[in-house]
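Here the structure comes first, spelled out in structure tokens, and everything after it is commentary.
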Amino acid sequence: MHPQESRHVNVLFFSVLRERAGVDSAALPLDPGETLSAARLLERLAEAYPALRPLLPAVRVAVNQEYVSGAHTVRAGDEVALITPVSGG
Amino acid sequence: MHPQESRHVNVLFFSVLRERAGVDSAALPLDPGETLSAARLLERLAEAYPALRPLLPAVRVAVNQEYVSGAHTVRAGDEVALITPVSGG
Amino acid sequence: MTSDAVWVDIQETPLRLEAVAAFLRVEEAGGIDIFLGTTRRWTEADSNAPRRETIRLEYECYKPMALKEMRRIAEEAFRRWPLCRACLLHRTGAVPLREASVIVGAASPHRAEAFAACRYLIDALKSRAPIWKKERFADGSAEWVEGRFAAGDFSASDTQ
Amino acid sequence: MTSDAVWVDIQETPLRLEAVAAFLRVEEAGGIDIFLGTTRRWTEADSNAPRRETIRLEYECYKPMALKEMRRIAEEAFRRWPLCRACLLHRTGAVPLREASVIVGAASPHRAEAFAACRYLIDALKSRAPIWKKERFADGSAEWVEGRFAAGDFSASDTQ
């Protein structure tokens, strides 16, 4: 793997998740070549931010600004957003 | 009957009926105390303005600015409007 | 419903959307739906005939009854949905391309009712308000647009 | 559909209805439906609790994705109905009482399609655009409004 290449997934938090996590975003490290499913990524975040755990069952994941299923493969360099039920408008 | 009292029904024409009749309105005379149904009134108008006859089956009648059925009794002094299918908006 | 919750008008001058929005935007409302009927340039033909080009519409109305009917329609909408405000405005005379001949709007606490009421206002207006339009075409011809009464309306030649 | 037939935007400043109408009023359109979502003062309680008084709403969004999602929604509407124009505008930050947080609109040759598309735009926006609102109440409290994903959406904790 090229040394400049990202070894992180950038995770964005909004609204109630942002307030509970206490941060706007987090850089989740991956081992070289590692990938993981969106569902597994949620599990890791629940370990890192236990306050988020009760809210995660209702969360949808967006990868690179598009909704994905829990089976979607997340890679280093991806921009992941955790989206609680939205209420715009 | 008091002499000043109306002995006419004032009939208003709009759009295609106005153009076919060649007038905006007509005063239809009634005998003293006479009344007639809205349907019968249309018959009299068809006799007075034969050019209207083909259009009358689709006409609705309004008396004093409210739609009425063909059985509605029309009296001297009433304002009657012949309303072809409307197309506002 | 207070009577100032309804605004109906018929005017020869251009309809002002901003005035409509100012009337509808009340603090009890969360959803406002506004419909504008505008003069369309092209009418597709039914079959293989070429489409027709309209240059303007001309509206004629039986004004006192049209105003009463528009008010009745608004009051029906108030009985049917939880509304804060309703308005129906119609323009008469010549209406150029792109300009609005009619604007109707409904304000409600929630959006589903605003949409349903707004649709009701325009459908009822188009089938009941005594207003007629003549279409002027680019080829110099003109014709009265054939309207349609709503199902359930009767013509006065039926006596039952 | 040309790309200039769609207008989406997210802005901190008040939404301008006149600009929306100017965008939608094209000569191919005969029916234009515009929906405004406004900040409502009162929320009725479920049971016998007193109604709550809102003083303003505050919106937060994931802007680049919200803009993309709004554009995708407009494109879906264009595939589904014969539209001339569609727009979706959202405001962020604090939105006072009576002011619009969202305006969506659709222009079509005929009114049924304008209504259907406009309803689709707002329903899809509210269930998919990553935008959240916090409600500030007169009693000093505040809470994030619990939204709802549309039926058929999945949460990422389902792996199938």
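Letters A, B, C and D mark the chains as written, and numbering starts fresh at 1 in each.
The working rule: contacts are C-beta pairs under 8 Å (C-beta built on N, C-alpha and C of every residue); 3 or more make two chains touch, one makes a residue touch a chain.
In this text, all values refer to a predicted model and were calculated from it rather than measured experimentally.
Engineer: Which chains sit in contact with both members of the pair subunit B and subunit C?
Structural biologist: none
Engineer: Please indicate which chain is farthest from subunit C, where distance is taken between mean Cα coordinates of the chains.
Structural biologist: Between subunit C and every other chain, the largest centroid distance is to A.
Engineer: Provide the C-alpha centroid distance between subunit C and subunit D, rounded to the nearest whole angstrom.
Structural biologist: Distance between chain centres, rounded to whole Å: 25 Å.
Engineer: How big is the gap, in whole Å, between where the Cα atoms of subunit A centre and where those of subunit C centre?
Structural biologist: 50
Engineer: I need the residues of subunit B touching at least two other chains; which ones are they?
Structural biologist: Not one residue in subunit B touches at least two other chains.
Engineer: Residues of subunit C that touch two or more other chains: which are they?
Structural biologist: 37, 122
Engineer: So which chains actually touch one another? I want all the pairs, not just one.
Structural biologist: A-D, B-C, C-D
Engineer: In their complex, what parts of subunit C are in touch with subunit D?
Structural biologist: 17-18, 21, 25-42, 44, 97-100, 109, 111, 114-115, 118-119, 122
Engineer: Subunit A touches which residues of subunit D in the complex?
Structural biologist: Those residues of subunit D that touch subunit A are 37, 59-62, 64-66, 68, 90, 101-102, 122, 125-134, 144-149, 153-160.
Engineer: Within the complex, which stretch of subunit A touches subunit D?
Structural biologist: Against subunit D, subunit A makes touches at 12, 14-16, 18, 37-39, 42, 56-62, 65-72, 81, 83-89.
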